[in-house]
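Chain lettering (A, B, C, D and E) follows the sequence in which the chains are written, and residue indices restart at 1 in each chain.
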Amino acid sequence: MKKYNTPLIDDLEKGPWPSFVTEMKKAAKNNEMANDALGHLEKCYSTKVGYWKHGGIVGVLGYGGGVIGRYSELGGEFPGVAHFHTVRLNQPSGFFYTSKALKEICDIWDKYGSGLTNMHGSTGDIVLLGTKTDALEAIFAEYSSRGWDLGGSGSALRTPSCCIGPARCEWANYDTLDLTYALTQEFQDELHRPTFSYKFKIKASGCACDCVASIARADMSIIGTWKGDIKIDQAEVKNYAKTMDINAEIVNMCPTQCMSYDGKELKINNAECNRCMHCITRMTKALKPSGERGATICIGSKAPIVVGSLLSWVIVPFIKVEPPYTELKDLIRKIWEWWDDNAKPRERIGEVIEMKGMRSFLEAIGVQPQPQQIKEPRKDPFMFYTDEDIAAYKAKEAEEKKTGKYKF
Amino acid sequence: MEMTELQNKIYAFCEAAKGKKKLKEKDIIKGVSEAEGAPADEVKKALRGMIDVGKLMYSYGGGASSVEIPSEEYLREKGLIK
Amino acid sequence: MALPQRKTDIGPPHYKQFLPPVIQKNYGKWKYHEVLTPGTMVHVAESGDKLWTVRVASPRLLSTETIREQCDIAEKYCDGHLRYTTRNNVEFLVSDEKKLESLKKELKDRGFKMGGIGPHITNVVHTQGWVHCHGACTDASGLVKAMMDELYDYFETKKLPNKVRLAVACCVNMCGAVHCSDIAVVAVHTKVPTIVHEKFKNMCELPTVIGSCPTRAISPDPAQKSVKINAEKCMYCGNCFTVCPPINIKDPERDGVAIVVGGKINSLRTNPKFSKLVIPYISNEPPRWPKVVAAIKHIVEVYAKNAKKHERIGEWIERIGWERFFSLTGIDFTFQSIDDFTFMRDTMRTSATFKW
Amino acid sequence: MKKYNTPLIDDLEKGPWPSFVTEMKKAAKNNEMANDALGHLEKCYSTKVGYWKHGGIVGVLGYGGGVIGRYSELGGEFPGVAHFHTVRLNQPSGFFYTSKALKEICDIWDKYGSGLTNMHGSTGDIVLLGTKTDALEAIFAEYSSRGWDLGGSGSALRTPSCCIGPARCEWANYDTLDLTYALTQEFQDELHRPTFSYKFKIKASGCACDCVASIARADMSIIGTWKGDIKIDQAEVKNYAKTMDINAEIVNMCPTQCMSYDGKELKINNAECNRCMHCITRMTKALKPSGERGATICIGSKAPIVVGSLLSWVIVPFIKVEPPYTELKDLIRKIWEWWDDNAKPRERIGEVIEMKGMRSFLEAIGVQPQPQQIKEPRKDPFMFYTDEDIAAYKAKEAEEKKTGKYKF
Amino acid sequence: MALPQRKTDIGPPHYKQFLPPVIQKNYGKWKYHEVLTPGTMVHVAESGDKLWTVRVASPRLLSTETIREQCDIAEKYCDGHLRYTTRNNVEFLVSDEKKLESLKKELKDRGFKMGGIGPHITNVVHTQGWVHCHGACTDASGLVKAMMDELYDYFETKKLPNKVRLAVACCVNMCGAVHCSDIAVVAVHTKVPTIVHEKFKNMCELPTVIGSCPTRAISPDPAQKSVKINAEKCMYCGNCFTVCPPINIKDPERDGVAIVVGGKINSLRTNPKFSKLVIPYISNEPPRWPKVVAAIKHIVEVYAKNAKKHERIGEWIERIGWERFFSLTGIDFTFQSIDDFTFMRDTMRTSATFKW
C-alpha cells in the first residue's frame, strides 16, 4: 500500500481532542480506500480546495435513496477514492446500540467499504463513508438481511430522528422513540422512493429543551408539551435554596414573570406560564409538569438556501401523541398532499407556505387559525377576504342587531 | 447655448413626449442636457424660466408630479391668454 | 379691486413673532412641568417664570368662525397667544396665573372641552374621509366624533395606565401615523376593482399602474389596451385606483373597517411598534358606527383593567402575549390576523412556548 | 341658499366631543360652498360611499404643489362642491399663532373659499378646505403678500414639521423650531417645484418622546438625544418616593436595567443607559440629561403602500444640530442625490434603500457602518464582498502575522 | 460466497432490543437526574433505580476499529450497552454503580475524554468538508479539531454561564443546525462562479438553474445555450453550482469562513434564535485555522466574563445590546453585518435608543 506523506493533517493528531486524522489512519492501516482518502485530504489541505465531484446516480435496485454518490477529480492520483460513495443506514431510535449490533455493522463495512463512518450523520443516519459502485448491492443485501435498512436521501422523506426522551429523561412528554419508529415504519415507501418535490425531515423532541434541534432543522418538528399545572415540592425548593439564588436564577428569568418566591414558598401562576421549561430544568427535583401530555407540531424549518433559514412555525398547538398515532399520521399525509399540489421543484414545505400563505395551508390540512400559532398579528392592512368571510361577518352583525350583544 | 434656444429645445422635447410619456422634471433635465450637451443646471434654470411664465407647467396625476405643456384652459385661467 | 403683488419662495413666517414673551424669554430654559388637571399644565423655567397651558379639544375641521372665537378668547386671557398641537388640539398659553381660572371658566361656559394631558385619551389622528377625499372607504370625522363621544370620560377625567393614542385611516394610504397607534381604525375595500377599459389608455400609464400593485396582481391586457387584475392576488389596497382613475374600487356594501392595536411611536421603555390587526372587518354604519365604537371601548376597558401603570397597550400585550390578549378581550382570531404579506416569517411563532 | 335636510349627520351634533358637523353648519350659514359640502356629506352618509373624483391639475403659476385639486361627481346636484380644491399653507414652526395672524388667515379664506379649515393637516400644513380653480391665483397673491407661502404636495419636499421643543419643553435636545424653519427656507425650491421621484417628508422631535411622530411618518426623522450622564437630584427623588413606587415604576421598567434604588439613593449606570427617556419623563424634577446635545438621524418611514409600512432606520447615530446646520443640510442633499439616482417613479427613500441595500446608501452619503444602526446583525450567510473588502481582510491578516496580535 | 437474501422496506431495527434492562424497566418513569461531573450524570427513576451515564468525546468520524474498542469497553462495564448523542458524543450506560469508577479509569487510560454535560462546551456539530463533499469551502473536521483543542478545558472542567453550542458549516447549505448555534463558523465562497458553457446544455436544466438563485442573478444566455450571471447580484451562495456541475465556484484563495453568534435552539427563557454575522471573513488557514480559533475563544471568554448565570450567548447579547457586544469584544462592525437580504427591515434599528 502506498504511504502518503501527510505533514499538514498529521498536525491534527496533536492536542487533547480526539483526532479524526488518527481515525483515518487507523482505517488506512489495512484499507486502500481509507489510505487514499488520507492522501486525498492532505492534498486538499495543501491546496486549500476540495476535489470531490458532484454525486452521480448510484443506488440500490428499487430504492431512490440511501446512497450518496461521490467521485474525485483526482481518481488517477488517488484510485481508492475515484469512487467514494456514502451509504446511509437508518439508525435505531435514540441512537441506542448493543456492542453486538455495532460490531456486526463494522464487520460488513470492513468487508465492502473504507472502514470509515460517521456516528452519526447530521440527519441521524449511521453514515458509512466511502465505497465503490459495484459493492452497493452486496452491502444492501448484507445489511438488510440482518435487519438494517437504508436511510433517506434525495427528494424523499428523510430518516426521522429523536431525542433520548423517555429512555433516560424525566421531562419527556411523549414517547419520542416509539413515535419515531412508528412513523419511520409507516412511511417506508416515502422514505425509500423519492416522490416529493424536495426533502422532508421529521424530528421529535420530548420537551422544549429540544435536544434534537427539531425547531431549526426539520420540516416537521414535534415538540413535547403539557396542559396541566407545574407541581411544586416545597421541601425540595428549600433544598435548592441552599445553593441557588432562586429569585435571581429562576423567578427573574421566568419569561412570563408568573413566579414568585418570598424566601419560603415558591408560587407559580400556572395560567400565565408558557411552559418554557427553564424553572423545571434548574429545579428538576422540585418541579414537575402534570396533566395532559402531548406535543406541539411546528412546520417548515430549514437551512438558508434559497430564501434564508427558517425556524419551524407552530401549526397545531397541541396534539395527543399516543399509539397508533393515527391523528398525527393523517396530518402528515394531508400536509404532503398540499405540499405536493403546490410546490415547485426543490421547494421545501416552509417555502411553499410562505409563498402560498398560511391560510391556504391551514385550510387544506383542516386546522383552525389560533393565536397560539403567531407571535403577533399582521402589521400591514393588506388582508384578503373571501366572499364567504364577508358574508359571515355580515351575518354575525345581523345576529348582534337581534341580540343586542356584540361578539367581536 | 442661448437661453431662448435652450428653451425651444426643452419645449420640443416636451412636445415629443406629449401623450406618450409623463415627463418628470428630472427626465427633461437629463434628456435635454444629454441631447444638447448643455450643463444640467443650465437646463434646470431654463426650465424654471419657462414654468414661471406658464410656457410649461407642473402637473400632478397618477400619484406623481410631472411637467407638461399647459392647456389653453390653464393659460386662460392664469390670464396668460384671453 | 387690485390684488396685492404675489411673492414666491418666502416660506412660512418666522415662528418667533408668534411666541408669547414668557416663551421668548425662557426659550430652551424650561426646568420642569407639572400636570395640574387633565386639561391644564404648568411649565416652570429655570428663571422661575411659569407658563400655564390649557388644552382644548378640537374637531380639527374648524370653521373660520370658531377660529375667530378661539382668537377672541386668546386675546382676552393670553395676550392673543395660542397654538395647536401635533394632534390637533388647541392650547391656550397663559402667562398670568390670575387669568387661568377665569379662562377655564369662560371656555367651559362656551362649551369648549378641556383635557387630554397625561395618561388619557387625547384627540384622534384622522384625515379627510368622505369630507374631502376620493379614495375614502369610510368617513373619518364622523367615526372620530362617535368614538370620542363614547370615550369622552377618558379625555376629561378618567386616568388610564398611560396615554392611549387613537387614529382613523380612511383608506390604506393611512395619512397620519395610524400604523403606530395604540388603537386605530383602518378603512378597507374588500372587493377586486373593476376597470373602465375604454378610459385606461388616455388616463393611465401602463408601467405606473403595473408597478403600483404590491402583490403584482396587475398585468397588461394588450387586446383592450388596458390591464387585467388577477383576482387571486388582489387584496384591494386601491393603489392602482390612486394612480389610475378608470379603476374603480369603491363599493358601499363591501367597504368597511378593520381594527388594529398595540402600536407606539415613542422610544420610552420599548421600541416603537406597528399596530397589529385584531378585528378584520366591521361594516360601515354611519352616522355612528356603533360596533366599531363598542369594540374600541371594550379594548380600552380590558387594557385599563389589566395593564401595569405606564404600560402602553402594545407593551401590555407584549408582556402578556397576543394569545392572552385575544382570550382576555374575547375577540375572535381570524385568518386575516395571520400575516401573509411581508412579515409572515417574523410573525409566526417559532417555539412551543405559548399560553393556553 | 338651499337648505339641505341632513338627519344622519345632524346626529353627530349630539354628544360631548366638539362636532365637525356643527363647524360645517357654522360655515354653511353664509357660504354656498360649505353649504353644498354639508349636503354632499349627508349624501355620502346615506349611500355609504364617497363621490369625490381624483384631483386634476390645479395650482398656482410657477409652483408644482400646495394645492390639491378636488372635484365631485355630483357637481350638478351640489354645484358648490363641483370644484372643491384644498390649499395648503406652510404653518409656522410649532403651530404658534397670534390671534392677529389667525384672523388674517380667516379673512382671506372667507373671501375666496369655503370657510372650512383643518388646523392642521396631518403633515403639518394649515389646510384650507374647498375653493374654486379661478380663485387660486388671488388666494396665493393675498396670502403670499402677507407673508404666508404654500406648503408642499406632489413629488416634492413636503412641509417640514416639528414638536414644540424648546418653546415649552424641558427635554428638547436641540432647537426643533429653528431647525424646521431653517430647513424649510433652505429648500424652498425643492418644496414648491416637484423634482423628486415621490414625496419626501422631514419631521423634527426634540427627544425620544417623539411628539411629532417622526419615526413613523417622515422620510427623515430627526430625533434629539444627548451624550452625557443623567444628573440625579436625590432630594427630588425622595419627594417622588412619597407618591411613587420607584422600583416598580422606574427601575423595573428601565429597558437596559441600568438603574437601582435602595429606598434611599437612585443610581444609574450611565454607560449602559440607552437614553429611552422613561425615567426622565416620570421624574422630571429629579433627572436631567447632561453633556453634548444633538440628534439621531433616521431615514425611511412611511405608510403601508407598496411594501408595507416602514419605521425610520437609524443612519447617523449622533449629529450636532446647531445653526447654520451646514452638516445636516449637506447630508440631506447627499441623500436626495442618491435617491434621485436610484429611485423608480413613486419610490420613497426607504423603499429604495431596501431595494438597493443599506451599503450602497451609506457609502453614497459617506456614513460608516456602526452597530448603533442595527437592532441585530444579518441572519443569513448571503454576504456580498467587493474585491477591495477581501484585499483589506487579507492585508489585516498579513499585518497580524507580523504583530502576532489579532484584530477581529 | 453467496450473498444473503436482500429485504426492502424493513426500516430500522426496533430500538427496544438495544435498551439496557434498567431503561426497559424504568422507561418513561424517570424522576430526576444529577450531574456528577462534566463527564458523568445519574438518572434516578421513580422506582429508585439508577442509571449512570459517562459521556465521551468523539470526532464523529470513527474508524470501525474505534467503534470496536468502544464496544469492548461497553461489554466490560455496561453489559454491552452504549449510545451516541444527538451531538455525536458517545455515552456509556452504567447500571451498576460499582463499575462506574473503573469504567472512568479505563476510559482515561485508553485516552478517551470525558465531559460536555451541563454548562460546558460539548461536541461541535459539523459535517463533511473536504473529507467527503464537493461543495465545501473549507474542511469541517480539521476546524473542529483545532477549535476543540483550544477550548478543551471548557469541555472537561471549566464551567460557563450556560451551554455554548458550537457548529461548523462547510458551505451555506449548512448541513446541521448551524444557523441556530451560540457560535458557528460558516464557510463561504466570495467570488462569482464561472460557467463552462459547453457542458451546460447536457448537464443542467435551465429553469432549475434560474430558480436556484436566491437573488435572481441568473438569466438565460440563448446564444451560448447556457446562462449568464449578473455579478452585481451574485452573493456566491453556490446554489447554482449545487444544481449544475459546470458552474464552478470554488477558489482556494478566496474561499474562507465567517463567524456567526447568538443562536439558540431550545425555548427556555427566550425563543429560539438564529445566529447573527459578526466576523465576515477569515482566510482558510489549514491545518489549524489559528485566527478562527482565536476569534471563537475570544468570544467565549468575553461571554464567560460578562453573562449572567443561565444566559446563553444570544440571551446575554440581547440583554446588553449588539452595539455593546461589538464594543466589549472589540470586533470591527462591517457592512456585511447589515442585512441586505430578507430581514433588513426587521434588523435595522428604528429608535434613537442605543448605547454609545
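To be clear about the criterion, a contact is a pair of C-beta atoms (placed from the backbone, for glycine too) under 8 Å apart; a residue touches a chain by one contact, two chains touch by 3 or more.
Please read these numbers as outputs of a predicted model, since none were measured by experiment.
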Set of chains whose contacts include both subunit E and subunit D: A, C
Rotation, 0 to 180 degrees and nearest 5, that superposes subunit C on copy subunit E via CA atoms: 180
Once you count every C-beta pair in contact for both, which comes out on top, A-C or A-E? A-E
Looking at C-alpha means, what's the farthest chain from subunit E? B
Between subunit A and subunit E, centroid-to-centroid distance (C-alpha), Å: 13
How many angstrom lie between the centres of subunit A and subunit D, each centre taken as the mean Cα position? 48
Cα centre of subunit B to Cα centre of subunit E, whole Å, reads 63
CA centroids of subunit B and subunit D: separation to the nearest Å works out as 31
Residues of subunit C touching at least two other chains: 172, 174, 179, 208, 212, 214, 237, 242-243, 267, 271-272, 274, 341-343, 345-346, 350-353
On subunit D, where are the residues touching two or more other chains? 54-55, 62-63, 137, 208, 215, 255, 276, 304, 308-309, 311, 345-346, 375, 379-382
Pull out every residue in subunit B that's touching 2 or more other chains. 63-64
Spell out all pairs of chains that touch, sorted by label. A-C, A-D, A-E, B-C, B-D, C-D, C-E, D-E
Within the complex, which stretch of subunit D touches subunit C? 8-9, 11-12, 14-24, 26-27, 34, 37, 41, 44-45, 47-50, 52-55, 60, 62-63, 70, 84, 86, 90-103, 105-106, 109-110, 115-120, 122, 129-130, 137-138, 140-142, 144-149, 161, 163-164, 166-170, 172, 175, 177, 181, 184-185, 188-189, 191-192, 208-213, 215-217, 248-249, 253-255, 276-278, 281-282, 284-285, 303-309, 311, 344-346, 375
Considering only the defined contacts, which subunit D positions touch subunit B in the complex? 54-57, 59, 61-65, 69, 133-134, 137, 153-156, 193-195, 197-198, 340, 345-346
Taking the complex as given, what residues does subunit D use to touch subunit E? 208, 215, 223-225, 227, 255-257, 271-276, 295-296, 298, 301, 308, 310-314, 317-318, 354, 357-359, 362, 369-385, 389-390, 393-394, 397, 400, 406-408
Help me check something: in the complex, which residues belonging to subunit C touch subunit A? 169, 172, 174, 179, 186, 188, 190, 214-215, 235-237, 254, 256, 258, 260, 262, 274-283, 291, 294-295, 298, 319-327, 329-356
For the complex, give me every residue of subunit B touching subunit D. 24-26, 48, 51-54, 57-61, 63-65, 68, 74, 77-79
